[in-house]
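Presented below are the structures under discussion, each in the form of structure tokens.
You will see chain A twice below: alongside chain B first, and alongside chain C after that.
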Partner chain A sequence: MKIVGVTACIAGIAHTYMAAANLKKFAKKENYDIKVETQGAMGIENELSQAEIDAADVVIFAVDTTVQNEERFTSKKILEVGTSKVVKDGRETIEAAARLAKGE
Partner chain B sequence: MAGFKTEMKKLAAYFQTGVSYMIPLVTAAGLLTSIAVIFGGNGVWNETSTIWGNIRLLGQTGLNFIVPMIAAYIAFAIADRPGLAPAFIVGLIAANMGTGFLGGMLVGILVGYLAKWLKKIPLPANLQSVKSLIIIPFLATLIIGLLLIYVIGAPIQVMTTFLTAWLKGMSGANAILMAGVLGAMMAVDMGGPINKIAYAFGMAAFTSGGYQASTAMLMAIGIPPLGMFVATLLGGKKLYSEQEIESGRSALVMGIVGITEGTIPFAVADPIRVIPSIIVGTSLGCAVNGAFGTYQKTALSTVMAIPFSSNWILYTIAILVGVFTVALLANFLKKFTKKNIDVER
Partner chain C sequence: MNENISEFISEKNIVLNLGASSQLDAIQKLARVLEKNGYIDNVLDFQKDVLEREKASTTGIGNEMAIPHSKSEHVRQTTMLLAKNDVGLEWNSLDGSSVKCIFLMAVSLKDKGDEHLKMLATLSGELMDDDFVRAIKKADSKKEILKILQKKGK
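== the complex of A and B ==
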């Protein structure tokens, strides 16, 4: 399964990166392919290309703010959660995304 | 009802986007202004013949930009690019009218939704570029600008004046209570939504000169991680795992630079004991500072604001009260209920 994610919190210094790390950690445990773009205080890092987004089975938005360049994701299956939820329980988010991808 | 709820959730995300773009502006401008006043004295306000006067000019110009900036980026969050320019213009008017943070937020919302709505109006393809380049920026600025000037500006101005007077006039028990509540809110979810509500309130107070509230809010940021660092120092291996002691060291760094999230590893491992401890400790530290009446006019957090506080000794004492309350309470609870921990394991 291929997952792409975007994380963004308010200050853009802590939750953004902790959520990104957690998504990668739990996706790896399930052997899913994942790439996470961070929209933090430094701006957009690890930016997702349109090809990567098109190839993904599901998109995770772990955000407290709005997503920049959201139009890239139109017509994708999107799971939207807050960053604190992902920081506290990354497994649950990855599982929910997998369920969404399978259309359950 | 569900639609209303998602719309409110979206609205919160729009506000938070605005705040997130505003944070670097506030820190840069607040710090510059404070440095100028500390080294140049109160004379810097009216002159640009010394370097301190010019640094004050930089900082003050930045502070005047808070309201347009929050308006612009709330509108940007709602309507994307077409919202930005009109909200900057109308936001600047709001700032000049003295409508403060409230005015900025309202302008951002109004411009944002109007621009978003205008975007949806169907036009022939050859007019699309005219729409995004001319029609939306022009109409949004004109309509919301005039609405602000002739209709909603005056009432917001009255409300802001009232709020400012209330914040500035706050003293004694009220000031202590407000500081304590802000401290508790900042600690309770360690950088989550409740923390950000307190943050937004503190920032709103900051922009209208209510420095007691902003000081309490900013002081609270570093107390939970610093407290848990001290707790691991005092508690040692009896109460904390190897990994937690390691987290304690990074919590020290995070506490100093002002990242409340440094406390999260402890709270995840033992929420029942850690979260009440940080709430009580942070609230107490802020309340003590409220009682001293110490304030600082930068947007810097806990430790970094020490040199800029109106009385650095009292300010530091208040921080220490908070930090040690967190540490001792957490360790006491862990010790007192250690049997339960063993059972849980």
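== the complex of A and C ==
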């Protein structure tokens, strides 16, 4: 399973990075490949390439605001959740993304 | 970044036994510490900004931890405080837990893409690490807490 994610919160200080860390933590537990782009106060970091996006089985937007450069994800399966939900329960988000990828 | 982390976080940034009786009281007390240390220019305005952010969504991230924060014109210099409170405080936390450990982050509008934001981002990510949280909760001296933060904030 290949997952790519984007995290972004309003202030771009804390939740962006907590959500990114939690997505990675629980994806790794399932042995899923994951790369997470953060769109925070420091701008875009760990930017996803179009090739990485194209190769992904599913996309997770963990955002409380709009995703920058969203057109990169056209035609992908996208799970959109708030950052708090990912901070609270990263496992559930990863499981939901996996279900979406499998078309369940 | 490594050479600066000990400048960024020192014993001045750690408060044991905050003695707060509520969320508001905790934020007020921490704002006063920031003012005393010269990081913010106005306690009431800073406090208002933090509470505004809190209204948008809780910063009680669960596991007895909260990370109130504000990016505001009232912050002179980006910094953080880590405070422990003996009494659990109601924080509307994601997991319903009361808060005993508070990471307060104050971000200056002048900072953009700098090393301080990077350290705050790194520490935020570490809060998702169960071992890190366990260590912070267990540590009961400033020295010990500092050691954990400095090791992780790199």
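We adopt the following convention: the second predicted complex is superposed on the first by the 104 of 104 C-alpha atoms of A that agree within 3 Å, B and C clash if a C-alpha of one lies under 4 Å from a C-alpha of the other, contacts with A are read in each partner's own complex, and residues count from 1 in each chain.
Definition applied: a contact is a pair of C-beta atoms (placed from the backbone, for glycine too) under 8 Å apart; a residue touches a chain by one contact, two chains touch by 3 or more.
This is a predicted model, so every value here is computed, not measured.
The superposition on chain A brings chain B into a clash with chain C. In the superposed three-chain model, the partner touching more residues of chain A is C, compared with the other of chain B and chain C.
When the two structures are aligned on the shared chain, A:64 is found in touch with chain B and with chain C.
Of the two partner chains placed by the overlay, chain B and chain C both lie in contact with A:18. Shared-chain residue A:42: touches chain C; no touch with chain B.
By the document's definition of touching, both partners, chain B and chain C, reach A:10. Contact with chain C, but none with chain B, is seen for A:90 once the two complexes are overlaid on the shared chain.
Common to the chain B and chain C contact sets on chain A are residues 10-15, 18, 41, 64, 82, 84, 87-88.
In the complex of the two chains, the chain C residues touching chain A come out as 53, 56-59, 61-62, 67, 69-71, 94-95, 105, 107, 111-113, 117-118, 120-122, 124-129. Residues 10-18, 20-22, 25, 38, 40-43, 64, 82, 84, 87-88, 90 of chain A are the ones that touch chain C when the two sit in their complex.
Within the complex formed with chain B, the residues of chain A that make contact are 8-15, 18, 41, 63-66, 82, 84, 87-88. Put simply, chain B touches chain A in their complex at residues 13-14, 16-17, 19-20, 23-24, 77, 189, 191-193, 196, 199, 254, 259, 261-262, 264, 268.
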